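Down below are the structures I want you to see.
The same chain A turns up in both complexes below, where it pairs with chain B and then with chain C.
Showing the complex of A and B:
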């Protein structure tokens, strides 16, 4: 007596890739159930780039058509690509960590033979496919309204596709590491706010990095933030040379590796603390 | 199963101390605690030892705060012991090795195996991937669990639309898809109605019979314990008070027995024989008497009255457990540092 219908026969991935495939599929199923909520959320999120865009367009017009060489059309291109990159940057946050530890959900994850980071990476990655699908009409409407100037080469599209996932991984690692501070403090929100402010300024989220004063640009160069916002946006909306495109990807890889190492180290000590203190 | 095989669970002198911050109530105390914090060491588990054999079902009993959950957490690798030894299937739980985690399951009240927004059948798929269960085995296990728990129609509904009882059954199925050899169950039937409780109980007994898995379970429902466990370990204040058969527990700790006597002449005052618990107009009277005197009281009753029937019963297990705790001296005050 088979109570559950056998799924159609297909070749399954095994091991960790198989786990990723199942969790991503689950995320897509779950998020499609909330498509209206997802849509409203995305529409709400447009307010931020539209404000930046309106401000910079006004400044450009007042200065005779451009700000340090960036035209209104280029600003429009920048902030429209921004909307997708911002959505790619949504990852498991420190708020989620606080909740996870307080509610005891982490214990449930710890008795499974898979590291919990794989679940988060896979789940949010699956969600991205829903987000990208929902983003397309939003980008179309914004393009009609703000008339962006795009000059895109084939290689830039390829690098962009890789770079948005690179941005996703970097931000995932950084915020996972930050979230794990919860093992020691139980409240990590204040630290997250600090991170958020630094990121806003140094990542290209608030304004394109070329508009930063020299001292701030120097700091930005030494932080991973620009590889989560400014770089992927510039790949598509800016005019990076082929060399800059590949160097950017390589530096993303470096930051992913550094982030993974940081996660591994903090996890090692954090989990020791968790199982020492209990919950 | 060989007789000289190592036990599935082996616990020796297990201890767990928690350091908790404490302060007096009030604003002044809260300001003082900014500068100087006082801590107190609380010994949640204070030297517990027991074994669970392969295939054995053991009830782990104790009042709230007795140290049951802390012990289960140490056995499943969520907590490091302060001292002592734990081996589960030959592994050290605190290392949380994959091989260990693949062979156990921990079911704790509300800890979810299931994703809220999707049907349980899809969550089962996720567990297949997590535990890397081969396809054929997964289908066999899943269909067997679905049949035993009678949840064929439920697994296609989003979990959020299930009742508590339905969800617990689906949770139980999800927790056992990988055929764990050791089950740690913390209140597996809590909050369920009587029918659902019975279903889960019958299912666990059947799972144990079919797979030979060992089960260590806590429950406040004595019906769970009576139906499933041949042996119980009772702990209080972090220490083992009793470890043995359920029957022997009653024999050892029950201080009273209940004599129910039926008298054809109708209601008669029998308070001279013992404490009258209940008396009905048709002549049935229940008396609570000290266990040592039960036979003598019964003999006196038979000699003095025309008795139509008479039974001597042990008290309900709940009362016995209560008796076990009552017989223990109050826990000593924790060390302050």
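Showing the complex of A and C:
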């Protein structure tokens, strides 16, 4: 907890942008102090995509080099980009909401003059800068080991940079809305598990969406999940056309708006049910 | 540590078997106070297994075999994975996490002053009954898989499977204790739990699927091969007697090593009253 009142020489931003700047800076400083813990956590997370990658590479091999036109090198590219997108996807969890409501921690956030979602958005966004920095060596090692094939255009890099933040915002909104279910029920972990299962299968987290059976792919098209995993990954690792690149960004914007609306509505009704115990 | 002292240790453990039974009973009684949790655990386990089945289905919609294993054979692997996961979460992990906390807070004193073997006490204090739902679920999966295999599974294979399963459980326990013993030196090892959980997922698939260096890692560094793949191999008729002997030897060596390191580690423990 350093630099609470370090005198900034730059001009202070005021209002909401100022709030974001301060919280993000705090997050960077706090999380950088825990860099070893952050690193161990990130390394532990690599197991998941490596397992998927190994399995699908084995399938590709058994099928004579590729599955649905995806080669082992392309799978490697997919799951290496996956590791960054997954890290961008870490947001305030519904399990955290359970804690927040049961322990009455929400009360502290309520007395602030800004909507509590801004704090979460800013804090996790700041954390991302530490994560991205720590991710670079991991990506380098994975690339050396698994030999991905990349074919990246300049515009894809640009869209990717926007898309990972789009993914971050969509997932933040959705998990916030899901977490707020705790206003009505106290233990909803089973509901979360169901949600995460649906997300795992339909988002592109488990496998590139083209590998889904047709009916499942249709369902996936109507959910926001793929805009948090599959789409950003494929921007960089797949070969989307320029049209698909921009359509994806537009649909991300739509889902962010829908998510924000959902959060606003659930918040309005949920907060009436909130009552803190003690102090 | 010679073989003689290991026999001694085993003799002591045998005398302490009554002690373990007592701990087990207390553990079960504690958990029986929270009966509603069984529904919860069961629900969570079912979601997890359904997900795994969906994954297996997705993979096998694109291929007929994976690293020489058919879909039903991989179902055996998954059953063993779920079963062993239940053993870990109901017995191994709760005890080891308690041990980590005790070392960190210095409360291990209370265990060490008791007139029984320390390693036995720290390994049998906790028992999370409801997590054992996975043991049952895993066993059911294995049985279903064997029925679907459509080929006779001999008595020898079943015996080999059970032996390998027992050895695997001891291997996983020794490995966990080995990690936890690290707490005597570096105090905070809780992040190792996350790391292990991540690695354990790899056991869903037979280790033969993994490229060479990973396969060696999952065999000797994180002994997933002995805990999950070998029992599944025994049941699907892929394990020779030599492999089982090798697994037994590995388990014995690992267990002895853990036992020795536990003693060394204890000397580094300074306690709370210090």
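Criterion: the second predicted complex is superposed on the first by the 267 of 279 C-alpha atoms of A that agree within 3 Å, B and C clash if a C-alpha of one lies under 4 Å from a C-alpha of the other, contacts with A are read in each partner's own complex, and residues count from 1 in each chain.
One rule holds for everything that comes next: a contact is a pair of C-beta atoms (placed from the backbone, for glycine too) under 8 Å apart; a residue touches a chain by one contact, two chains touch by 3 or more.
Please read all numbers here as calculations on a predicted model, not as lab measurements.
Novice: Give one of first, second, both or neither to describe whether A:43 is in contact with chain B, with chain C, with both, or with none.
Specialist: After superposing on A, A:43 lies in contact with chain C but is clear of chain B.
Novice: For A:133, decide between first (touching chain B), second (touching chain C), both and neither.
Specialist: neither
Novice: Please indicate which partner A:200 is in contact with in the superposed arrangement: first for chain B, second for chain C, both, or neither.
Specialist: In the superposition, A:200 touches chain C alone.
Novice: Regarding the shared-chain residue A:15, is it in contact with chain B (first), chain C (second), both, or neither?
Specialist: Touch status of A:15: first partner only.
Novice: Report for A:211: first if it touches chain B alone, second if chain C alone, otherwise both or neither.
Specialist: second
Novice: In the superposed arrangement, does A:253 touch chain B (first), chain C (second), both or neither?
Specialist: neither
Novice: If we overlay the two complexes on their shared chain A, which of chain B and chain C does A:51 touch? Say first, second, both or neither.
Specialist: Touch partner of A:51: chain C, not chain B.
Novice: List the residues of chain A that touch chain B in one complex and chain C in the other.
Specialist: Common to the two interfaces on chain A: nothing.
Novice: Would you tell me which residues of chain C are touching chain A in their complex?
Specialist: 40, 43-44, 47-48, 50-51, 54-55, 58-59, 61-67, 191-192, 194-195, 197-199, 201-202, 204-205, 209-211, 214
Novice: Mind listing the chain A positions that touch chain B in their complex?
Specialist: Chain A reaches chain B through residues 1-4, 6-7, 12, 14-15, 18-19, 21-23, 26, 29-30, 33-34, 104-105, 107-108, 110-114, 272, 275-279.
Novice: Show which residues of chain A lie in contact with chain C when the two form their complex.
Specialist: Going through chain A, the ones touching chain C are 37, 40-41, 43-48, 50-51, 54-56, 58-59, 62-63, 67-68, 187, 189-190, 193-194, 197, 200-201, 206-207, 211-213.
Novice: Taking the touch rule as given, give the residues of chain B at its contact with chain A in the complex, in rising order.
Specialist: Against chain A, chain B makes touches at 16, 18-19, 70, 73, 76-80, 94, 96, 98, 101-102, 104-106, 108, 111-113, 115, 117-118, 121-126, 128-132, 135, 139, 142-143, 146-147, 151-152, 155-156, 158.
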